[in-house]
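Two complexes follow with subunit A in common, the first pairing it with subunit B and the second with subunit C.
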Partner chain A sequence: MTQALIYALTGAVLFMLGVRATLLRESLLPRLLALNICGAGVFLIFVSLAYRGDSLPVDPVPHALVLTGLVVAISATALALALNRRLREMADE
Partner chain B sequence: MNNLLIWPVAVPLLSAVLTLLWPRRSTWIGVLGTTLSLLAVVLVSRQVVESGAIELALGGWSPGLGIALRADGLSVLMLLMSTLVSMAVAVYASVYISRSERRSEFWVLWLLLITALHALFLSGDLFNLYVTLELLGLSAVVLACLGGSRESLQAALNYLMLGLLGSMAFLIGVALIYAGYGTLDMAALAAAIESGPTAWVALSLMTGGLLIKSALFPLHFWLPPAHSNAPAPVSAVLSALVVKAALYLILRLWLALFDEVVTQTAALILGLLGGIAVLWGSWAALQAERLKLMAAYSTVAQVGYLFLFLPLLAALPEGTTRDVALGALVLLALTHGFAKSAFFLAAGVIMQRAGHDRIAELGGTARALPVTAFTLALAGVALIGLPPSGSFLAKWQLLSSVFITGQWIWLPVIAVGTLLAGAYTFRLLGYAFAPGEGVGPSLSVGREEIPAVLLALAATLVLGFWASAVWELVPISAYAGGEG
Partner chain C sequence: MMNLTLLPDLLLAGMLIGLAWAALSSDDLRRGVVLFIAFGLLLAIVWARLLAPDLALAEAAIGAGLSGALLLVALRDGSGGDKRAAKRSRLNRWLIDLFVLVMTCLIGWVLWLTIYAEPVERLAQLANAMLDRSGVSNPVTAVLLNYRAYDTLLELVVVLAAVLGVLVVGRERRGYREAGPVFYGLVHWLVPLLIVTAGYLLWVGAHAPGGAFQAGATLAAAGIVLRLAGYDAAGLPDGRLLRWLLVAGTGVFLLLGLGMNVSGGRFLQYPEAWSGSLILVIEVAATASIAAALVLAYRGGRTDGWLFMDNKDKSREVSS
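Take a look at the complex of A and B:
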């Protein structure tokens, strides 16, 4: 259990670091990276929840949730990058 | 019969796919898909009215293992509002967007937005709610930047980033709930959740994430630029529906799932933020120079009113008085949905005709566009809360809940907020009904003017006279933890 707890706490710390940088940074790229770190923290918490001791198999539900979450996070990141590129093209014109 | 529940989600989703495959007929498929979704929602509502809350286990997997869709009084009311508003806006958009090159993109995203909204209102599973929130957020962001201007892109990007942060907070709450209770099914959770550190932290994180999305003061700052720079039909659904989706979730969490965790202090904090939002949003709307910006700030204020109900609901004992107050909250949300979408559509008509929406230069609107000016006036009646609009009844009940609970601090907030709403509405009408050449002359009624006036009539007349239906539907709950 302690090992899973270390992972979960690391996830919580990552989440908080990500929130802080998302809110405080000014340019988009670091903010987007921070959001992804935030997401990684949340997913780490989910993955650590799946551990149910050495004798039991891992709980598959959190893993399935993480997969869905990853897909959402990737799409959102791609959308933000595309919007940012369009904005830069407009600034160049 | 229960599999009716899949149609409000499946119909718009299938139509979105069809639009992708057949972009040249996008307008046609878009309007038809919206109409069929309306039909599906009406069928589901009829079943709920006749036989109470209904549930569908997707794919035959029972909840716990699979994902359940559930429809009860609250979700049916939100569904009906969103589908009626989107029907009117779709008719308007079929004219407004018809000349745009981005027509087919608009309709695909439009149908996806409806899919996400309907799935959100029907979802009975916390993780599924997160997915629908993200679907809703992503389609709303892309719709918001279809205008193509630099401001709209910047606003959409900010909206996206904050929305993502909100969903992350929501998701971490979901993780905590799963860790604590081993299930994500909301009906099971409604019975299981007890007051404790896990439930407390989860509720705060989820509520915090949703507050960003519902734009409660001081997290409202992304809303005015995003809503006022989007194309008119998009602004209408963003302000009327997308903001309400987050609010609906807060209601679900606070009243059904976490009803034993919520304390009077927590509710009071949200009520206070709501009170500040009412005053600050109305004041900013009064100062706004552009019509759409004024409408967006007015949304900030109206969202504030809805949060005023939370401390009252927390103080009232379970039973009829609380159901009456909850019904008033829902009625206010519904009225605002219809009124604000009417307002934004009317603003869109004016912008297309006049080429701008600067309030001080709107002289002559009433002569050139009598129907649209009438729409603005009707929507204004509903925003202020004058009889016979639905918001008049809702505010009446809000006041009587204030008297019952003795929470007098809300009284001046409601009074000043209503006066300010009157001030910004009459300031606008003063300019619109003044003589002037701001808007070119035209006496014909355009097809795009009709949906807006119907929405405004729904807010002022239909919801005013048939409001009792709201109070009859609200107590039908699918979550035993809520109403017992």
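Take a look at the complex of A and C:
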């Protein structure tokens, strides 16, 4: 249980670190980095709640959710990067 | 009452927070991205520690590898040139820090209550009890492609929507110079190895850690290595075949789901005897689509011929 708590709290700290950087940074790329770290924090909370000690079987449902989340996160990142690039091109024109 | 066995966990947690802090507070974006990649790799170790090997594989390939590659190539576009520093007043910064502190404590408190609460009926028992009837023996794959196939279908739609967005707004980046002899030798070994690994991950996902997402990401990594070595197409086909590849995952999934509807079942309710093979078919298509989408995102968008491949006739002169 203590292990689960350690990682869950780490997830909470990571999430809020990401939120803080998103609020403080101005340009898009650092914000994107911060949002990705936010996501990592959420995933960590999920997976730590699925963990119930080394001897018990883990809960596969949060694992599957996080796996889906990882792929969605990188899709969103790719789209945001493409939009950012287009914005830059338009600013240059 | 400090338990010594907790030391590795505390160390890992501390390193995660430290790396995240360093990545986020770094003014040099390139440095931030490299630290973020290191963060992803460390997170993969944490997944393994929390008995989530499926996630460890996916994180190493997607979270650390492909996200890092996408961010680095975005830096090459010159997105890092923006030097506008945040102009927040001191009061604002102070308020943000206070807000972050309060929220962290609140979330931490809720998590504390959740973890030490009375154990309740969880989906885990149900998921593990039904495993024999799901057609696969890896519980994560069973959840992804059988119990909650809806989620995965919608996820493939999200991937498709994202890559369509990339195609609409972006044009392909300039390619790389042809690889030198040493790098060429590495590519010669690495790309076949990655392809074989992807195939293995796809196949083994039915009964051990692995599956469509990990395989797709590994295949995409092979494409990115090819592109870095000067093969501009990164192993993707051109024109119509590429379009089919991009929609394969969503399309096969939907068609099979509707097929089950027609044959008397409910949407995405596999006939029990067939579920293993159906899951494999869906996973093959999903792997191809995910890999194609990620490589296309790395290439940066549509190629020159993308929009005009059907317009050959229109560019000809009209004889009147």
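By definition in this document, the second predicted complex is superposed on the first by the 93 of 93 C-alpha atoms of A that agree within 3 Å, B and C clash if a C-alpha of one lies under 4 Å from a C-alpha of the other, contacts with A are read in each partner's own complex, and residues count from 1 in each chain.
Assume a residue touches a chain if its C-beta (ideal position, glycine included) is under 8 Å from a C-beta of that chain, and two chains touch if they have at least 3 such contacts.
Fair warning: this is a prediction, and the values are worked out from it, not measured in the lab.
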- Message: Per the contact definition in the header, classify A:I74: touching subunit B only (first), subunit C only (second), both, or neither.
- Response: second
Between subunit B (first) and subunit C (second), which, if any, makes contact with A:P60: first, second, both or neither?
second
Of subunit B and subunit C, the partner touching more residues of subunit A is C
Just subunit B (first), just subunit C (second), both, or neither: which does A:N84 touch? both
Ask   = In the superposed arrangement, which partner chain does A:R20 touch: subunit B (first), subunit C (second), both, or neither?
value = second
Using the touch definition from the top, say if A:L35 reaches subunit B (first), subunit C (second), both or neither.
first
| field | Partner chain in contact with A:Q3 - subunit B first, subunit C second, else both or neither | value | second
Checklist entry - Where does A:Y51 make contact in the superposed view: on subunit B (first), on subunit C (second), on both, or on neither? => result second
Subunit A residues contacting subunit B in one complex and subunit C in the other 12, 15, 18-19, 23, 28, 32, 45, 49, 61, 65, 68, 72, 75-76, 79, 83-84, 86
Counting only contacts in the complex, subunit A reaches subunit C at residues 1-21, 23-30, 32-34, 36-37, 40, 43-45, 47-51, 54, 57-61, 63-68, 70-79, 81-86, 88
Listed in rising order, subunit A residues that touch subunit B in their complex are 12, 15, 18-19, 22-23, 28, 31-32, 35, 38-39, 41-42, 45-46, 49, 61-62, 65, 68-69, 72, 75-76, 79-80, 83-84, 86-87, 90-91
In the complex, subunit B touches subunit A at residues 127, 130-131, 134, 137-138, 141-142, 145, 150, 153-154, 156-157, 160-161, 164-165, 167-169, 171-172, 174-175, 178-179, 184
Per the touch rule above, subunit C residues touching subunit A in the complex are 3, 6, 9-10, 13, 16-17, 20-21, 23-25, 29, 32-33, 36, 39-40, 43, 46-47, 50-52, 54-55, 58-59, 62-63, 66-67, 70-71, 74-75, 77-80, 82, 84-88, 93, 96-97, 100, 103-104, 107-108, 111-112, 114-116, 122-124, 127-128, 139-140, 142-144, 148, 151-152, 155, 158-159, 161-163, 165-166, 169-170, 211, 213, 290, 293-294, 297, 300-301
